[in-house]
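What follows is a pair of complexes built around subunit A, which joins subunit B in one and subunit C in the other.
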Partner chain A sequence: MARVTIDSIRKRYGETTAVDGVSLTVDDGEIVGVLGPSGCGKTTTLRAVAGFETPNAGTVAFDDRDVTNVPPENRNVGLVFQEYALFDNMTVRENVAFGLKMRGVGTAERRDRADELLEMLGIGGMAARDPTTLSGGQQQRVGLARALAIEPSVLLLDEPMTGLDAKLKARLRDEVGELLSALDVTGLYVTHDQEEAMLMCDRIAVMNDGRLEQVGTPREVYESPATEFVSEFVSLDAPELPFVQW
Partner chain B sequence: MTATLLVVVAFLMVPVVLTFVGSFASEWSGVVPSGFVTLQNWREVLGLAASIGSQRSMGWDTLFSLGGVTVAVPSELLFSVGLALGGVFINLLVGVPIAYAVARYEFRGDEWVNAISVLPLVPGVILGVAFLRAYPNLSGTSFGLIVGYSLLKAPFMVMAVRSEFESMPLRRLEESARSLGASWPRTFLTVIVPNARSGIVSGAIICWTLAAAEFNFSYIVWAKGTQPLALFLQRHISNSSFTKAAAAVSMFFCIIVAITVLLQQVGSRGFDTRG
Partner chain C sequence: MATPGDHPDGTGSRLQASVDALGGLVDAILDPTTERDRERRRIVALCAPFTALLAIAGAYPLAEVFRISVSAEQYRSVGFSLQAYETLVTDPYYRTVAFNSIWLAGGTTLASVGLAIPIAHALEKYDLPGEDVLVTLVSFPISLPGIVAAFMILVLLGNNGLVTNVVAVLTGREPIDLAIAVSAPGLFVAFCYSMIPRATLILRGTYAEVDHAAEEAAQSLGATPWQTFRHVTLPQIRPGITGALILTFRTGLAIFGTLIVIQTVVVWTLQISRELSTGYDIQVAGAMATVYFLFTFAFTALGLRYTDAEVGL
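What follows is the complex of A and B.
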C-alpha cells in the first residue's frame, strides 16, 4: 500500500470544469471517503487516480512516484465498481486470479492466492462457479477480491454498495470495513451516501461542484461543517446516525 | 395462451415439415404428397443421379479411399457454403470493431459511422448493379461474391454485436481489466470479445443464413463456375417437379441447421479462455 497525493488537479471537458483544483492526501493504510451529490466531480477525481483521466493541470503521486502520465495498467490500483463488472467468460476464481495472470504469476500460486482471498471474503465455496449465478452481494465480494488480489497501491471504490438492499448493505459494510482496516488498505471510497461514508472511512472529503468543501474526520464534518453546503448535505436525511460506536 | 402459441408454431412448422416429407415422395400433385419412400429426388438434387439438362453435377470429389470404400464430398456445394462463410469472416473482422467503437466511444460523427454501417441494408439488386459498375474485374469471381455478401450483411453483424456491447457494462469491464494490468489489445481480446460472444455468434448466424440465401446480388454478380447456394436453389425450384424442389429446399434447410449448430459450437468453445 502507498500514500496517495492528489495535488491541485483540474479536469475540464469542453466548457464544463468537472474537477477544479482538488488537493487531497490519503495516508498509507487510510480510507478516505469522497462524498458529494452526483456530478460533483468525485468520480472524475477517482478516475484521475486510476489513470483513466489525465488531468489538465496538477499531479497524482503514489508515495514519491509521480504517476500522472502512467497508463492505468502500470499503476497497480484496485478498482471496485457499483456494476461489479465481473468477467462473465471466466469462473469466479479466474476473475480473482486475472490480475496475477497479467503479472506472470504461475498457475498454482494464482489459484492458491485466489482461493485464500475468496475464503477471507466468505465465498470460498464459490470459486468454480460462473459469476452470473451469484447474488449481488456475492458478486461484489468477488469484485473486491479481484481488486485486492494484485495487492494494489491504492484501492478505489466507486459507489460499491449502491444498488444493494439495505440489510445486505449494513452487513457488507461491517464486514468489508473490518477487512479493509485489517489489511491496512489505502483506499479512496466514492459515495453519495453520507451514512456509508461516515461508517467506513477514516476521513471524509466533501465535494461540491468540482471543489473540495471540507476534509476531516466523520465527526468533524458532522459536528462542525465548514460550509453551509456541508452542513446541509451531511445532515440531510441522517438524523439518527449511530454515533454510539465512536 | 399456450394454445395460441401452439397454433402459431404449428402454422409456421407445417410447410417445413410437409416439404421435408414431400422430398421423399415420388408424386405431389394435390395437397398431400404420395408414393413413398424414394430417395430419387435427393439423389438428383445432390447430383448423384444421372443428370439431365440443367441438373449439373455438384462436383463430387474423392475425399479419401479406404479398402474399396470411396468417400466423396460435393466440393461445389462446400465451396458455396464457404462463399457465405467468407462473408461472415470479413464481417467479424470489420463489424465487431465498428460495433465496439460505436457502443463504447463518443466521438465526432459517431452517429454517421453508425448510419453508414447500416447503409448497406439496400437491396442486393442495387448493390449488385453498382458493384459491377465500380469493380468490373470482380464480376463473376468468388472474391467479388464474398466481398458483396459481407457488405450486404455487415449491418446485421454490427447491430447484433452492438446491442450485446450495450447490454453490458462495457466501460467498467474494460477499466477493470486495464487496472488489473492488461494492456488495451489484451483487454479487448481476452475480456471484451469473449464477454460479447453470444451477440457475435448470433450475428454470425444471421449473416451466414442471409448471405447463403441472398439471391438478388448473387444473380447479378455471378457469371460462371461454382454456383452460390441461392442460385442452386432457384435452379432446382424453377426447373423441377414439386418433389425435387422439396428436396432442394430441404437440403438447404439441413445446411442452415448444420451451419447454425457449427457456429454455435465454435462460438461456445472458441471463446473459452479457461485452461
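What follows is the complex of A and C.
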C-alpha cells in the first residue's frame, strides 16, 4: 500500500470547474471518505487518482512518485464501482484473476489467489458462476475481490453500496469495513451517504462545489463542522451516535 | 371404423384445433373483446401495409421469376424445365461468376468491417471535435448510388486520378502504370467505400451499449488499451460484428451500380444484367435471381440462427 497525496488539483470541463484546488493526503493504511452531494466533484477527484482524468493543475503522488500523467494501467490502483462493472463474458474466478493475468501471473497461482479472496469475502462457492447470476451484494463482493487481487497501491471505492437494499448495505458495510481494516488497505471511499462514510472511514473529506470544506475524523466532522455546509450536510440523516462503534 | 380421413396419431384433431385457433384469432381481431385482442388488432393494422407490399412487390414477382426460370420456352412461361439450373451448375463460366461474387463480397466485407471497427470505436468512445461532421462524412456514402461511388474511384484512382498522379509524382512512374480504378483492386476499393458506412452504422449502435465502467475496471487492473479491447470490449461488440458481417456481405453481393462503370470482375448481379441484355436468356437470368434470393435468405437465416448477431432479416 502507499500514501496518496493529492496536491491542489483542479479539473475543468469547458466553463465548468468540477474540482477546484483540492488537496488531500491519505496515509498508508488509512481509509479516507470523500463525502458530498451529487456533482460536488468527489468522483472526478477519485478518477484523477485512478488516472482516468488528468487534472488541469496540481499533482497526484503515490508515496513520493508523481503519477499525475501515468496511465491508469500503470498505477496499480484497485477500483470498485457502484454499478459493479464486472466482466460478463468471464466467470467469477476469471474476473478476480483478471488483473493477475494482465501481470503475467501463472494460471495456477491466479486460480489460488482468486479462490483465496473469494473465500475471504464469503463467496467461495461461486467461483465458477456467471457473475450476472449473482445478487447485487455478491457482485459487489466479486468487484472488491477483483480490485484487491492485484494488491493495489490504493483502493478506490466509488459509491460501492449505492443501489443495495438497507439490510444488505448494513451487513456488507460491516464485513467490508472489517476486511479493509484487516488488510491495512489505503483507500479513498467516495460516497454521498454520511452514515456509510462515518462508519467505514478513518477520516472524512467533505466536498462541496468542487472544493474541500473540511477534512477530519468522523467525530470532528460531526461534532465540530467547519462550515455551515458541513453542518447541514452531515447532520441531515446522520446516524444516531455512530461514535459508539469507533 | 376408421375412415380414410382419420389419423390414428391425432394429426387430424391437431389440424382441426389449429384451424379453430386461427378462426378464433380472426374473430378476436375483427371483433375484439379483451385488451389483448385489441392489441392484436393494432398489430395487424400496423403490419397490413407492409404485408400487402410484401405480397405484391415481393412474393408475387419472386414466384414469377421462379416460374420464368423453369419455363420450357424462352418468351412464354409454359411447361417445366430445369435446363437453366443445369446450366448454372454445369457451365464452368457460371461457377467462376459465383466464385467471383463470393470472394469479392467476402473480401470487401472483411476489409469493410475491419475498418469500421476502429471508426465506430473512435466515434462512440471519445468526444471528438466536429463529431457531427465526421459522422456525416462517414455515413454519406450510404446515400450515394453505386455508380457515383465508381465515378469517384475513377476520379481518384483512374489514369487522371488525383491519387494516381500524386503517387506518380512521388515515385517518378507513369500514371498509366499506377492507375488501379478499372481493375479488381479498384473495384475492391469502390465496394469498400459503399460498405464501410453500413458496417459502421451497425457497430456504432453496438458500441453505444458497451459497458465503459468494465473497460475502466480492466485498465485499472493493468490491462493496456489493446488488452482492454481484446478481453472486455470485443466480447461485448461481437454480436454487432457478426451482424455487420452479415449485412455487409449481403450488401456486397447486391452491389450493381458500381459494376456498370467498373466491369473488371463479372459477378452474379452483373451477369444477370448481361443475361437480360445480351441474348435475352431470361430463363438463366430467372434462375440466377432465384438462386441469389435463396442464397442470401438462407445465409441470413443461418447467420442469425447460429449467432447472436444484431441484424434483422
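Everything below uses one rule, namely that the second predicted complex is superposed on the first by the 244 of 246 C-alpha atoms of A that agree within 3 Å, B and C clash if a C-alpha of one lies under 4 Å from a C-alpha of the other, contacts with A are read in each partner's own complex, and residues count from 1 in each chain.
What we mean here is this: contacts are C-beta pairs under 8 Å (C-beta built on N, C-alpha and C of every residue); 3 or more make two chains touch, one makes a residue touch a chain.
Computed from a predicted structure; not experimentally measured.
Engineer: Give one word, clash or fit, describing how subunit B and subunit C relate on subunit A after superposing.
Structural biologist: They clash.
Engineer: Let me test your reading of the model: by the given contact rule, A:T91 touches which partner, first (subunit B), second (subunit C), both or neither?
Structural biologist: It touches subunit B, and subunit C stays clear.
Engineer: Touching A:L79, do we find subunit B (first), subunit C (second), both, or neither?
Structural biologist: both
Engineer: Just subunit B (first), just subunit C (second), both, or neither: which does A:M102 touch?
Structural biologist: In the superposed model, A:M102 contacts both subunit B and subunit C.
Engineer: Considering only the touch criterion stated at the top, classify A:S231 as touching first (subunit B), second (subunit C), both, or neither.
Structural biologist: In the superposition, A:S231 contacts neither subunit B nor subunit C.
Engineer: Look at A:I150 in the shared chain and tell me whether it touches subunit B only, subunit C only, both, or neither; answer first, second, both or neither.
Structural biologist: both
Engineer: Between 26-34, 44-52, 98-106 or 170-178, which run of subunit C pushes into subunit B after the superposition?
Structural biologist: 98-106
Engineer: Quick check on the output: what are the common subunit A residues between the subunit B footprint and the subunit C footprint?
Structural biologist: Correct list for subunit A: 50-52, 71-79, 81, 83, 85, 87-89, 98-99, 102-103, 143, 146-147, 150.
Engineer: Could you pull out which subunit A residues touch subunit B in their complex?
Structural biologist: Within the complex, subunit A touches subunit B at residues 50-52, 71-79, 81, 83-85, 87-91, 94, 98-99, 102-103, 143, 146-147, 150.
Engineer: Residue numbers of subunit A touching subunit C in their complex, please.
Structural biologist: Within the complex, subunit A touches subunit C at residues 50-52, 71-79, 81, 83, 85-89, 98-99, 102-103, 143, 146-147, 150, 156.
Engineer: Would you tell me which residues of subunit B are touching subunit A in their complex?
Structural biologist: 168-169, 172-173, 175-183, 186, 191, 194-195, 197, 271-274
Engineer: Going by the contact rule set out above, which residues of subunit C touch subunit A in the complex?
Structural biologist: Residues of subunit C touching subunit A: 211, 213-214, 216-225, 227, 231-232, 235-236.
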